Amino acid sequence: MGFNKVRASASEACEGITSGMTLMVGGFGLCGIPENCINELVKMGVKDLTCISNNAGVDDFGLGLLLQQKQVKKMISSYVGENAEFERQMLSGELEVELIPQGTLATRCMAAGYGMPVVYTPAGVGTEVAEGKEVREFKGKKYLMEEAFDADFALVKAWKGDAMGNLVFRSTARNFNPMMAMAGKITIVEVEELVPLGALDPDHIHTPGIYVHRIFQGVNYEKRIEQRTVRQRI
Amino acid sequence: MGFNKVRASASEACEGITSGMTLMVGGFGLCGIPENCINELVKMGVKDLTCISNNAGVDDFGLGLLLQQKQVKKMISSYVGENAEFERQMLSGELEVELIPQGTLATRCMAAGYGMPVVYTPAGVGTEVAEGKEVREFKGKKYLMEEAFDADFALVKAWKGDAMGNLVFRSTARNFNPMMAMAGKITIVEVEELVPLGALDPDHIHTPGIYVHRIFQGVNYEKRIEQRTVRQRI
Amino acid sequence: MAWDKIGIAKRIAQEVQDGTYVNLGIGIPTLVANYIPEGMEVELQSENGILGMGPFPFEGEEDADLINAGKQTVTLRDGSSIFDSAMSFGMIRAQKVDLTILGAMEVSENGDIANWKVPGKMVKGMGGAMDLVASAKNIIVAMQHCDKAGNSKLLPQCSLPLTGIHCIKKVVTDLGVFDIRDGAFHLVELAPDVTLEEVVAKTEGKLVV
Amino acid sequence: MAWDKIGIAKRIAQEVQDGTYVNLGIGIPTLVANYIPEGMEVELQSENGILGMGPFPFEGEEDADLINAGKQTVTLRDGSSIFDSAMSFGMIRAQKVDLTILGAMEVSENGDIANWKVPGKMVKGMGGAMDLVASAKNIIVAMQHCDKAGNSKLLPQCSLPLTGIHCIKKVVTDLGVFDIRDGAFHLVELAPDVTLEEVVAKTEGKLVV
């Protein structure tokens, strides 16, 4: 048996995800999102999901696909503006939305991965984000106490990974993925390339395999660009 | 002018360190210690230093060199057992020693680098380490509140670095170095090799240069091995 | 002629210092990068995980894995580094970023800022703005002096939900440059051809000239 | 014949499960690595920043940059990873390490452990022991049943300064294997040729047989 982390497909990897669960979903915008896992969730038809993810995708890509199918009960995000269906569900009250500062989101994931029950951050002091939260002063500066996230599954996208679950991310597709990988009770990772054990330099691994429970090589990555900005060649 | 981080020598890099200051010193045992900076401190003759460092070196190497010269007023460490002069000074009361759990030490450095005023850890609950500290329960488990460290300078050893202060560590010589690099009010880094800007892959950088104030290429690395253990070729 | 967007960006670029790390928000702040004086070394931080962000890529060289906090395709300069979102906001909280430039809907005379939410309208979220304003050592707001209805955006107190409190040190608008201290907007400089009278008329918060 | 150090290590090796992450302390625990059954996949964590630690290097292949938490030169296995001390203790606190095996001076019937300090003697420090015992899901102590003076180390309560409280689940000594639960040492197994009488005589804490 051994560690037995490798799965043949998204469908094998996503086994056990059921309606009503809380999922962390990696990515920033459409960059570094677990495309295969999201597609699989659509197929599975699981509902009433709480998704912790910085953004909510666009109408026809990323978490937008789950929103189209009304599979999401609640989004916990920092910025959700790029999605008409999202807006409709939010305004109609079908979808619950908790907006939290981006750094707080990142740090609450990190706290879970580092075994810290809470963290203090100044973000949101004096704003409506502070409502109901403990405010505490250290060295003359006020901080909010924020709790570590608690997610049933984390869905993560990495560039390369090995059978032990060691992960390497590519460029800004890293974003929230390493922290979410560390934070999930069960962490499922899809990689563009599953490499042989020993192929990754131990010094270059961003996420040690101990955090990863299941890993598979994804297929058909679209890697859609949300804002294509270019400069002219002179 | 620009960022102007590169220094020609340890002596230029250590400018401004004065008696009575608090220094973080990277390394675990004799592995990954800032040899050049330590030698420079001996030359400078600064005294009454408070050193935050996991260990205290051996009699004739590492921080032991500062102890020999009685330059250290206080050590904040997790394990200090390998040094006869240390033992003598500690038992005679010349040297103040604060022993704290290794993970607490690492995390208090990290807290400083991450702008967290305090962190909670279960390490030491119910022991003498908890004396005088806030104990708080989260989800049925007790934690100690531990403060971020506050150091005037951090002395760090990396393998490679560039003029922007980006750092790459090699193997377990990484240990406390990245957290201390992030935590120092002024961070001084010595590297085995100062490489041209652009030579380091941005995805492989362990410590982004924003944390590093001064960097220089060290000389004459001894890299002493504390416990040489080998197996026989069969 | 009051400043247009480019004028505001150019004026703010004068505030940027050599050898510093700067985070630029979406909109006018992004333009500031184009007007940083030649020969000055400034590293741009993007809170999704970049230090040393470069210009947009040449057409055909866009990389879906390399975007900035505005989700735009960008490039990396030599000496850049990539990190995760926790470290990115860690360095922001630890005040390693020297200067943050961002837009606002309202700024108050005591340095409060509102820039994320209009009650009754679709709320997109605060993104990293609350983290940035709560932690940055030095924050400059780039915005129009008045909203589209002509109401002053420099107020005694913000009417919109706050992003952060007591944090804004300087505001650059189409009409001029204002330092915020001691509970007032201190006029530092008028934009070309803008009169003091116009600024007085259009500044609802306490103004010191 | 009671167990010698190797006997203790071999017995503990039987407790190690396939597909798990294990942290081994200095002394007898280190020996456990040698007796993990063939074909079983176990990854060793060393709290100075290794997952997938391998055996000592061949002579001449020692690398000063590659040591374990006992400061011994080691090697890396395929699939290993290196990380900093904060992440190392983060994964320990987050209970990602499945099993911790460490030595002790005293263990109490309610699972307290003392293993770092003897008042009046030179104190070397707790290293990572306090972090490990406060966080690990599963901890096995490897030690001699009695100290050199013949005093029991399985006690009603520890007399030495504590390393951690209510944390030890199992003790393997030269005399046998003991589970700790409900405020007592439960005898699981006697070492070869050790009599129940001997264990009873040498166990000062509450013993359930």
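The first chain written gets the first letter, and so on, giving A, B, C and D; residue counts start at 1 in each chain.
By our rule, contacts are C-beta pairs under 8 Å (C-beta built on N, C-alpha and C of every residue); 3 or more make two chains touch, one makes a residue touch a chain.
Remember, it's a predicted structure, so these values are computed and weren't measured experimentally.
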{"item": "Graph separation of subunit B and subunit D (steps between touching chains)", "value": "1"}
{"item": "Distance from the mean Cα position of subunit C to that of subunit B, given in whole angstrom", "value": "36"}
{"item": "Rounded Å distance between subunit C and subunit D, as computed from the means of their C-alpha atoms", "value": "55"}
{"item": "Inter-centroid spacing, subunit C versus subunit A (mean Cα positions, whole Å)", "value": "28"}
{"item": "Sites on subunit D at which at least two other chains make contact", "value": "76, 82-83, 86, 90, 92-93, 135"}
{"item": "Residues within subunit A bordering two or more other chains", "value": "107, 114-116, 121, 169-171, 174, 202-203"}
{"item": "Complete list of chain pairs which touch one another", "value": "A-B, A-C, A-D, B-C, B-D"}
{"item": "Subunit C partner contacts - residues on subunit A that touch it in the complex", "value": "28-32, 54, 77-81, 87, 90-91, 99-107, 109-110, 121-129, 159, 169-179, 206, 223-233"}
{"item": "Interface residues, subunit B side, partner subunit C - complex", "value": "1-4, 112-116, 162-164, 166, 182, 197-198, 200, 202-203, 205, 208-211"}
{"item": "Residues of subunit A that touch subunit B when the two form their complex", "value": "107, 114-121, 138-139, 141, 143, 168-171, 174, 202-204"}
{"item": "Interface residues, subunit D side, partner subunit B - complex", "value": "46-50, 55-68, 70-74, 76, 82-86, 88-90, 92-93, 112, 122-131, 134-135, 161-166"}
{"item": "Complex contact set, residues of subunit C against subunit B", "value": "18-19, 21, 40-41, 43, 45, 51-52, 76, 78-83, 86-87, 90-97, 135"}
